[in-house]
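The two complexes that follow have chain A in common; it is paired with chain B in the first and with chain C in the second.
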Partner chain A sequence: MRTKEANVLYPEGRVRDPSAAAVAGKYWAIFRTQLLNSLAYPIDLLGRSLLIILFMWIFMNLWRVTYGATGARSIAGLTLADTMWYLMMAEAVMLSKRDLSETISEQVKDGSVAYLLNKPFNFILYHFAAGLGGSVLAFGGNLIIGTAVVWLMVGPPPGMTGWIFAGAAVALSWLLDFCFSALIGLSAFVVEETNAFRWIYQKFLLLLGGVLIPLDFFPAWLQTVSLNLPFAWIIYGPARLFVDPSLARLGRVFLQQGIWLAVVGGIVWFIYRRAAARLVINGG
Partner chain B sequence: MGSHLAFVLALWRTNLLSAMEYRVSFLTQVVGMMLNNAIYFVFWIIFFARFEEINGWDLVDMFFLFGVVATGFGAGTYLFGNAVRLSSLIASGQMDYYLSLPRPVLLHALASRSNASSAGDFMYGLLSFGAAVIFSGTFNGLMLLRFALGCLASIAVLISFLVLVQSLTFWIGNTNLLTTNAFNAIVTFSLYPITLFDGTAKLLLFTLIPAAFIGALPAEFVRRFDLLQLAQICAGGGIFLFLSVFVFYRGLRRYESGNAIQVRM
Partner chain C sequence: MNAISVRNLRKTFQTKRKAAGLRGSLRALWKPAFQDVEAVRGISFEMEAGELLGFIGPNGAGKSTTIKILTGILHPSSGEAAVLGYVPWQERQALAFQIGSVFGQRPQLWYHLPAVDTFYLFGKIYELDDGSLKRRISFLAEAFEIEELLETPVRKLSLGQRMRCEVAASLLHKPRVLLLDEPSIGLDVVAKQRLRMTIQRMNELEGVGVLLTSHDAGDIETLCRRVIIVNHGEIVYRDKVSALKRRYLTVKTVDVRYNEQLAPDFRLPGVEMLKVGRYGAKMRFDTRITPVEPVISGLAAAGSLADVTVSEPSLEDVISAIYARTEA
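Coming up: the complex of A and B.
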């Protein structure tokens, strides 16, 4: 199946492929529109970022008591400050990612997918560009507020390298997370109810992704299992890079993210093409 | 009073029959929510396997805590499903329907909807309580009674808190963001051991965000009887219930109809 955005009619009716820049420009416009849309509601944006204060405060209490009880300066190589900065980055990623599975699922169930399929863009890439527009600002808000709070609690953040490495990894995290969201949303073509998949995926991220606790604190066998699953590379990878940046770690995070993107992205593409080909629209 | 009870029972029956029309969807959500909660609880199993206890709280306490919170939250949001969307009913003028009928407005509005996933929370809460009983090695009829009482208090405070926060819609308009943050705050705080928090934070958890009345306090009471805790639970439930009803009806005087035509099927 040729995707619609790849086909542009010549005046005489022949079809040519638009340049990559033209295609990228289209999704850039969608991204920018969503970004501007989010900027139009700054209070809303700020309000959503306040949640990170709540989580950081609870984590601070939990881990301060825990470190105090063990009497150790560091646990699994992480000091209390490292743990808090790790959790700040993990929460910032978690709270800023846009869960598009519900939107996609609703569009499949109520049939509005039909109106999006005949537009001159790819349904999946459209949602990714729009979601990314919302995530970027939310991530910025969460980082600013989260950094201020954690700085007050445990002192200054890691150096600039950590910010740069983690920032690069977060971009791929969003892409990988979006693939899972799309997979859950597209499952509405097959099953009636997709909420359960969404909840369970979120909990896998919280636990096996390392949002609630750094994977370094897991028993060895569970750590091995977690690191061989994609969830760790959505949250743990960037957050651990933030507190312990090294080229070796960066390479490993990129490699794992790349592998899982190819696997999950490939599945999404396959399912989308099959589902779109089998779509039956009744009425109009 | 008797007619109100019969009315609410009829609403709950209708909600259940409605959910049974989509049986597979209902069961998927129930099982999914139970799995969701179970996966979350694994965090505490891992945590206590490594650190054993925090300020006197251990894994068994967490089973009791999740038992009370999940049962209370599940029952509360299943039986009074509109408690999580009251602000949008007020803001969009959808209270007209409830105002036009000779039934208590708040009770009618809250009980008119049931959330299928909440039944999963309820079931998970019972399982967690069962696990707590097994691991603590103590069980008697009185504990069951304390569990029922603790869950009732938990439901009363949770639903009252949600009504209180969303009643602000009558005065300040859109409270979606406030509702989301308040909901997240109360659920999150209620699922952590109260011994983590110091004096000021504790005061907050008994007043502004009354998570202690939803989780830690009833959970401790269920595990071992304490007269003072019993008094606190009853007082907390009663006070928040009274406050929410009072504030809601005060706010209702300011309600403006949406004049929208609504069809209920």
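Coming up: the complex of A and C.
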């Protein structure tokens, strides 16, 4: 029954050329289409970015009182301005990451995963490219508005190096966050309902990831625990790098992100292979 | 070469079972019970290259499961299948370049973007170079009469317009087999006709084979030469559409009107009288039991005829009769 052709003929008789460029091109196109999709509703995009103003205003009031009460110019090496710029970057990342776990688990639950699987791309990479397309604009919007607000509150932002280092680390943050999202989303193949996992992951990010508080302010033991967990390297890593852009710190952030990406990414890949092999589609 | 060949395909799902109420829920937690559901039970069929084949059956008959196995999304429990020479579940990605699919209830076009954006995305996904893609888009835009629609956001298109764009998108990479699952669902009569014509034209122009699933007997009647009917995971009928009609359209309904009053006890042997009025009657008979000739002469003998109409059941009636017969 197997009479597979060696070459795959294309329109106008072209032979298919599965070059690396063509493969990269398809994920780039997915990224770009999602970008266009986000731009279809500019007001909505702007509205989401305005949320950062509220958060920054709350943080400013909270930390001004805290710094005032201790009377210190800096706490754990961070001035009030450092803390505010840290929190701006942390919130910009947190508010721009797309919750792909929900998308994936919905697709698994209602069976629409089937309609993505019959196209010639990798399901996981498709979601990553699409998620990135959704995040980039939101992140840009958050940064612009967040920077304007925090600048008014505490003065100018850190120098250019901080922006570049943080930018590079944020790219890996999205990738790492995506791996967790994919893991939660794919677990729908087994447990069907994934809200509990999603809730727990969000809370870990908020508390141990450094979204609400720079991890430097934690007691030593809790700091050790947090820094040895992956959540810190999604939020704390890039945000701290933003206000303290040293090469040593950059190296450490990249190393930790790399290790966790290998671990969590490996698990995702393994689970995806297993899940795809024994796929049961709802509503079959 | 056959475009699709399927031999003894089976798929069994395991579904959880739970008795009603709190007690049932608790017991299911403690000791989950599973039940095997046989969605596909030994299906075998062949589809020739370039053929338009109807694949129909009631809800839950196993149609979608079969189609999902043929696209490589589902692994069968046992049996063999080859689509264009590929074993779908082993070579899903390679096969994906050769087949297209449209699922009427699952749009693939990006809802907020104009269709042309999705066309360009699909072009990249199917690794077409820019020149071929542009030529292909303008060819399909003309064939499907969607030139004017391509730059309108999909959400602003009517269902009929959208479905033409959906089918065009599925043909961008010039597939050799197209799987159409309920393409005409929700369309009005005119939109249905237009969609059928375009599918037929693409089949003639490019020789794309079409496996068509539909609840609309009209789709099957106008498009397909051959039909396979499945029920309860098994094939219950396979033949030419014309044979289906010939074989099952043996029940005739006769409406007759006279110029004069009928006898109140008007009857014909071997004919079931549905309604007898003063000047006319409605009746039904099966040509396999009662030949046509005595019925017609009986009608003529009963008085001076004003009008006679003989009608056959629709294909839809025939199909539901087949479903009903296989329910037993």
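In the analysis below, the second predicted complex is superposed on the first by the 263 of 284 C-alpha atoms of A that agree within 3 Å, B and C clash if a C-alpha of one lies under 4 Å from a C-alpha of the other, contacts with A are read in each partner's own complex, and residues count from 1 in each chain.
Note that in this section a contact is a pair of C-beta atoms (placed from the backbone, for glycine too) under 8 Å apart; a residue touches a chain by one contact, two chains touch by 3 or more.
What you see is a predicted model; the values in this text were computed from it and never measured.
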{"item": "Contacts of A:W28 with chain B and chain C, given as first, second, both or neither", "value": "second"}
{"item": "Touched partner set for A:L206, first chain B, second chain C, both or neither", "value": "first"}
{"item": "Partner chain(s) touched by A:N37 [first = chain B, second = chain C, both, neither]", "value": "second"}
{"item": "Which superposed partner A:A69 touches (first chain B, second chain C, both, neither)", "value": "first"}
{"item": "Contacts of A:L125 with chain B and chain C, given as first, second, both or neither", "value": "neither"}
{"item": "Chain B-facing residues of chain A, complex", "value": "43-44, 47-48, 50-51, 54-55, 58, 61-62, 65-66, 69-70, 191-193, 195-197, 199-200, 202-204, 206-207, 212-213, 217-219, 222"}
{"item": "List of chain C residues in touch with chain A within their complex", "value": "1, 5, 13-14, 39, 64-65, 68, 71-75, 80, 82, 85-87, 91-94, 96-99, 101, 103, 106, 108, 110, 112-113, 117-118, 120-121, 123-129, 132, 135-136, 153, 173-174"}
{"item": "Residue ranges of chain B in contact with chain A within the complex", "value": "22, 24-25, 28-29, 31-33, 35-36, 39-40, 42-43, 46-47, 49-51, 53-55, 117, 177-178, 180-181, 184-185, 188-189, 192, 195-197, 201"}
{"item": "List of chain A residues in touch with chain C within their complex", "value": "1-5, 8, 10-12, 14, 16-18, 22-23, 25-26, 28-30, 32-33, 36-37, 40-41, 112, 114-115, 117-121, 277-281, 283-284"}
